[in-house]
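Below, subunit A partners subunit B and then partners subunit C, in two separate complexes.
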Partner chain A sequence: MLLTSDHTRWAVATSLAAVVAAAAYTVYATSTPYGPSGGSWPGLCFGIAGTACMLSAVFLSARKKFLLWRIGSAQRWMKLHVWLGLLAIPLILFHAGFSLGGPLTTWLMVMFAIVSLSGIYGLAVQQVIPRVMTLRVPMETPRSQIDHLSASLIVDAYEQVASVTGHLPEAAGEQAALAEEEKRNALRPGDWKQVRRLIPAMSPAEGSDTLRNFYLDTIRPYLHRKAFKPGVPPDFARLRFDAPGEWRAPVDRLAEICEESRQLAVQARLHSWLHSWLLMHAPLSFALLVLVAVHVYMALHY
Partner chain B sequence: MATEQHTDGLAGEWLSRDALAQIDFFKGSKRPFTIKLNSNLGVVPEQTEPGIKAVVKRHYQKGDVICKAGDFGSTAFLLLEGSAVASLPSQMLPAVIAGRSARTGAWLRGLFQRRSSAAVRQAVHDIDVGEVSPYAVVTCANPPQPVALRAGDFFGIDTCINFYPRDLTVEAAEPCVVLEMLRSVLDSIRDAGDGGERVEHAYRQSAMRTQFYRHTMFRDLSAAEMDWLVSQSELLTPGSDAVTNDTLFGEGAEVDGIYLLRAGTIKLSQRRAGGDATLTYLGSGTLFGLEEMLPRQRAAQLRLVCVSHPQEVASVALGTSITVGRAQTCEVPLVGSRGVSRKHCRIEQRGDEMYLVDLGSLNGTLLNGELIQEVLLTTGDLIGVGDFTFRIDPVSIDPKQGPRARLTTASGLDSFEVIKISSATLRELGKSNTRFLATASSVAQAVDAAIQRPAAEQALVDEVVELNLYNSQNTLLIDLDRCTRCDQCVRACATAHDGVARFTRDGPRFGNYLVTLACRSCSDPKCMVGCPVGSIRRRESLEIHIEDWCIGCGRCANNCPFGNINMVELAASPAKSPEPQAPAWKATVCDLCAGYEGPSCVYACPHDAAIRVNPSRFLTIGDVK
Partner chain C sequence: MRSSKDLARRLRFDRFPRPDAFQRWYPIAAALAVVAAIVGWLFIRLGWHERQYLPGPVAPAHATFGDRCQRCHSSFRNVADRACVECHVARAHSEYELEAPRCAACHVEHRSDAVSLAVSNRLCIDCHGALESKRQPKPSIQTSIRDFAEHPQFAALREGAVDRAVLRFNHKLHLNSDRIAKEDTLSCPKCHVPEADGRLMKPINFEAHCKRCHEQKPPLDVGPIEAPHKEPAVVRESIAAQLLVLAVQSPEVIFTGRKSTLPGVPDREPISEARSLRAFQTEWLGKVEERLYKPLNQQAPLLEGNKYCFLCHDSDLDSSPGGLPKIRASAIPKRWLLRGEFSHRRHDSVECSACHDQIRSSERSSDVNLPKRELCQRCHSNVQSRSAGTQCVLCHSYHDTSRHVDPGAPARQVNLGVLLGDAEK
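Right after this comes the complex of A and B.
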């Protein structure tokens, strides 16, 4: 979530609450002869308030499961998640009196630290990476479509080359994909989403060996490379220089295809940076809640 | 009585092709009358009632409302027996977006406010100069007398063809029989000789009359003057003889009248040094081609205004060439100024246009912040000379004289309907109604002022036209700086629509905004044209719905210029034969989550990135990159 002026009221309210809590803690800590403790009434109050903030923050994931429920927009829930999550940090520290305690509470604090830091990291990357992605990946596509689109680009590149060189026996996979596409198109109603493919040349054009070799040696391996690896796209300068005028369109299109493929890899990498922290943040949040429940039970029981 | 049933085609007494041929109206047809619908369906014998009815017969008692002004629909009517009265209401309220309460609307407006002041500049019904959206509030200070309809009269054709809300309320004046039909049937009638001519005539008369009543300029006309105006005016479409290659008139052509845009979008462009520049795009209800109401020499009506030192430098009319510089001999002397050469730059008149030419000055001449050598000037341009900044301003317009040649080229961006009012008709109306001439002149000035825009705004117009956003009423934009690509919007959409998302989070970009592949609720929807069963339509609001009786022909999906309609393969029914069956398809389109409070995609976006807006009002110069 991008932190903009929309968040001012939330930020002010959170800061005020944190300042009030800090003042209360200072008074409490300085007036207690044996130092602050989580088991004291003030300590318990901080603990309850901190846990309430954590629980409120966790409700966001529950909200995401019920997308159609009109129980407040997801934006408001996200703001609640971010700001109450941040407020939970001082409250829990005040509850613990800035000490780790026994093994269970140590684990609790470690997990709380990881969850908090991963959340802050996530918030930080959300300020930067969307903008970077917008800037660096003009040919962006939905993440779930990257694999499909990469496969399409492989076929598109072959289509362009085959329109000059004729069918290439080395590209059997691409030919099979084209045949499969033709079958799918036949089942579609009317002209909807029908792709008009270029017709492969009946015989290789004069001098097309240059293009053929460049495709097989450079373009094809580049397009088939490992996913998420932008790599260095082929340099078309020499091919453009050598190619006769009538190849200009296919060569330009091939360069576009390679560039699109590179951008998709950049997008996939940025996307993983943007979302990978959630793999730690979300499950550990639930684990933290379980530990909190155990901690509460232990504290009340003993 | 409801005029349409939403689940199973039209409700009412079905008429077979033979039964239709017995009706007097169809007997005069020069060509064999065919109904495309039933033949396309191919599932019902000629004399058997089809599951989906394209034409039905209805009976009404005296006082029954056959159709009501403001209602959405997709059918036309033919009065077979009896008579009815058609009246234009004194006020029509704008259509609402289904599924949005007033509270939600307020919240959304608040959302827009945070993003751009442009969003609140105009509400849906608060419209541009001269423009009257078919969905706007229309108030007639002087509502026309009701029109009597007799057997054989058509009505509701505009709604059937253009899918605009109904203009007229039609009430049965006595017990009457009415034929209600879908577009496919109407098209068949239009193709059928005499019947077609009658439909065309009824349509043109009704279309022009309603459009005139909608426009401020014609509201003071008496009923007799209005009748005369309708009889003298011409309804032009891309196929008309007077229209060549979708162009109504070219720059430099003789001024022979004014135009009132009824449907579609018209682009006004002008030849510039770097090629044609789009001055503006006009929506339904706009009056244009008003050159004869404007000054004879546009160039002579510009002036140079010093905005940095208004007290020291007087403004100058740009009638002939003038020189700006430090020398006393210059027409605009900037004596003792730093950074200004003796003869710094000159503004030259070349034909109707003004050019700024740098005279080899030491520090250069700036136009809108950029160094120039020679450049065409337009209204609003800022000229930098040393410490001085000048602006090109228009002067007040004298409506008594107008140029004889067109200042712009007007061409259709898509299909359009334009009413042409000849100069002779205008003059006659001006003689008999002096208020009309005054209104016309003020409208001309307002429209002219609206299309004079600085170069920076020009980029915005170009971009909006490039992305076809001028026609969109409600587009799903995603702020890419905020969006984390979590796809919650897509998930919410799919959840609200039986697991099939109605949009794709992909599409062209406008600055930082992604213009998603989601229905834009076009004011002039191409998708609705040609549906053989009339299953794509508006119900009672702006959203486009595809009804359950869609036969999956894919025509709407092909017609949508933005690819925002998808064909979904339905789950295969249990096979009765071992032979593989062809898959069944159905078209799907974003319905703005009708039935829910607000679009789910916007509601479910946790990052405040997804917004539903009218793009041409929401996007600003700052968004153009």
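Right after this comes the complex of A and C.
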């Protein structure tokens, strides 16, 4: 979520609440003879307020599960999640009196720190990475399509090469994919998504060994690399220099395919940075809530 | 470069899209994290048992409770005072106190080791800062005190207060006299020895501290007789017995006299004309008591003229039956600070004279040679960076130990049976 001017009211309200809480804590900490404690009335108030903030933040997950419920927009819930989550940090620290306490509370504080820091990291990353993606990935694609597009680029590249060199027995996988696509198109003849494919050459064009070798040695391995590795795309300068004029179109298309493949890899990597922190933040939040429940029950019990 | 239409043509939107890696891992990671949290908690529980819930370390004295939190805590309630008085003797504070606070209000547990007994000044000042407003009639102590700087002068040093002990003692003479042999030169620790707990000084003891120089042995022809440092009736019995022993052991000296066997040396006359042991005893008892109970002669040289009981003691005007004087109780105060505690041991790095600075010039028994409050404040001050502390509890105890039936009893009477509890079972 980008922090825009829409967040000003939330930021001001959160800051004010934090300042008021800090002032109250200062008065309490300096007036209590033995220092602050989570078990005192002010300490309990901070604890209840902090836990309420944490719970409110966790309700975002519930909101995402019930998209059709009329309980405020997802955008508003996300703001609530971000700002109440941030407010929970000072409140919980005031509740704990800036100490770790016993083993259970230490465990709780460690988890709370991880959840808070991962959340702050996530928020920071979301301010930066979308801009970086706009700059570095002009051919941005929906995240869920990257794998599919990467596979289709491999077939596209083979299509271009085969139009010059004829079928290549080394690219059996690509041939099978083209055959599968042809079969599918036959089943749905009017589908607007059908792609008109180039016809493979009946026999290799003269001097096409250069292209064939470049494809098998450089282009194909590059397109088959792991999806998250942008790598260095093949250098087409020598091929362009050697290739006859009628090959210019397929060679340029091959260069485009490699560049698009690289951008998809960059996008996949940026996406992983953008979302991977959630794998730590969200699950640990649930675990934290379980332990908070134990802590609350035992604290009230004793 | 492909157009948006080209791109759209190549996208595949399945009716039932396969979740991506993040969507696949998210529920698994959430379940794993919750399970890990519970396993982690159980792991902590295995190692720490109930101690995992401790918000901080317990005081060392409570360490024997181990995991038995319920020894003090009851479910969903504050720790009750009865949990404390099960082991500790409960003592009231003052009759002026409106409401006695809970034990846990002052003795805070689960903090640092030192906190449970280090009661904050603030708790004292809550009442003693303005005692007048709390209750009528006013208590007989200062009703407003917020800091040691406002502490009144010690009662024993206030105007008009004197040492009312009925005993003549001249500190100046004893500490400075050139008539005391060098090896016997007195210093404070020769007479003033702290109690085992290091707080008060042990009472001065005649046998241990005075007798070496002040033997109660009147020089008499009848032989060596020593008066014990007891009440006159006991002294009389002791002297009578010693006289009998002398009469039986040396009858020729007392009753018959002794003929001289040396030329030029006259015969020794009997020292008593009594014809019976009883008569002898009565005669000489009177003579010895006359010496012992000779009234203080202010005009005579102090030691030459006044060697015995009334050098130090006074007697009441009326004599007890049998003609014996009635020695007034010396009434030396056991403690000078009636409401406060003082540990000499904790101050043993300081010379005695640093606090009792007037002692070498003190000639009168009525001098109160207690250091003044201002002297304490030189070290116990808030303005110093290295203050010795100004906590009220350094000297004062909330619990009124002075009214306890046995002031010498230890402050805590721990019931070991309760302490050991389940362990013994």
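One rule holds in what follows: the second predicted complex is superposed on the first by the 300 of 302 C-alpha atoms of A that agree within 3 Å, B and C clash if a C-alpha of one lies under 4 Å from a C-alpha of the other, contacts with A are read in each partner's own complex, and residues count from 1 in each chain.
Following the convention adopted for this analysis, a residue touches a chain if its C-beta (ideal position, glycine included) is under 8 Å from a C-beta of that chain, and two chains touch if they have at least 3 such contacts.
This is a predicted model, so every value here is computed, not measured.
A.B. asks: Superpose on subunit A as described above, then tell me if subunit B and subunit C fit or clash.
C.D. replies: fit
A.B. asks: Have a look at where A:Asp6 lands relative to subunit B and subunit C in the superposition and call it first, second, both or neither.
C.D. replies: The first partner, subunit B, only.
A.B. asks: If we overlay the two complexes on their shared chain A, which of subunit B and subunit C does A:His275 touch? Say first, second, both or neither.
C.D. replies: both
A.B. asks: So in the superposed three-chain picture, is A:Leu60 touching just subunit B, just subunit C, both, or none of them (first/second/both/neither)?
C.D. replies: In the superposed model, A:Leu60 contacts subunit B only, not subunit C.
A.B. asks: In the overlay, answer first, second, both or neither for which of subunit B and subunit C A:Arg143 touches.
C.D. replies: Both partners.
A.B. asks: Figure out whether A:Ala179 sits in contact with subunit B (first) or subunit C (second), or with both, or with neither.
C.D. replies: After superposition on chain A, A:Ala179 lies in contact with neither partner.
A.B. asks: When the two structures are overlaid on chain A, which partner does A:Arg131 contact: first (subunit B), second (subunit C), both, or neither?
C.D. replies: first
A.B. asks: Any idea whether subunit B or subunit C touches more of subunit A?
C.D. replies: Looking at subunit B versus subunit C, the one contacting more residues of subunit A is C.
A.B. asks: Taking the superposed arrangement, what is the smallest distance in Å from a C-alpha atom of subunit B to one of subunit C?
C.D. replies: 5
A.B. asks: Please write out, lowest number first, the residues of subunit A touched by both subunit B and subunit C across the two complexes.
C.D. replies: In subunit A, positions 141-145, 192-193, 275 sit in both the subunit B and subunit C interfaces.
A.B. asks: Give every residue of subunit A touching subunit C within the complex, in rising order.
C.D. replies: 31, 33-35, 37-39, 99, 101-105, 107, 111, 139, 141-145, 147-149, 152, 192-193, 195, 256, 260, 275-276, 278-280, 282-284, 286-288, 290-291, 294, 298-302
A.B. asks: Can you list the residues on subunit C that touch subunit A in the complex?
C.D. replies: Within the complex, subunit C contacts subunit A at residues 1-2, 7, 9-12, 17, 20, 22, 25-26, 29-34, 36-38, 40-41, 44, 47-48, 51-56, 69, 73, 75-76, 108, 111, 115, 119-123.
A.B. asks: For subunit A, which residues are in contact with subunit B within the complex?
C.D. replies: Those residues of subunit A that touch subunit B are 1-2, 4-6, 60, 64, 67-68, 70, 73-75, 77-78, 126, 129-131, 133-134, 138, 140-145, 187-193, 271, 274-275.
A.B. asks: Name, in rising order, each residue of subunit B that touches subunit A in their complex.
C.D. replies: 114, 480-488, 490-492, 495-496, 504-506, 509, 512, 552-555, 557-558, 567, 582-583, 585, 596-598, 600, 602-608
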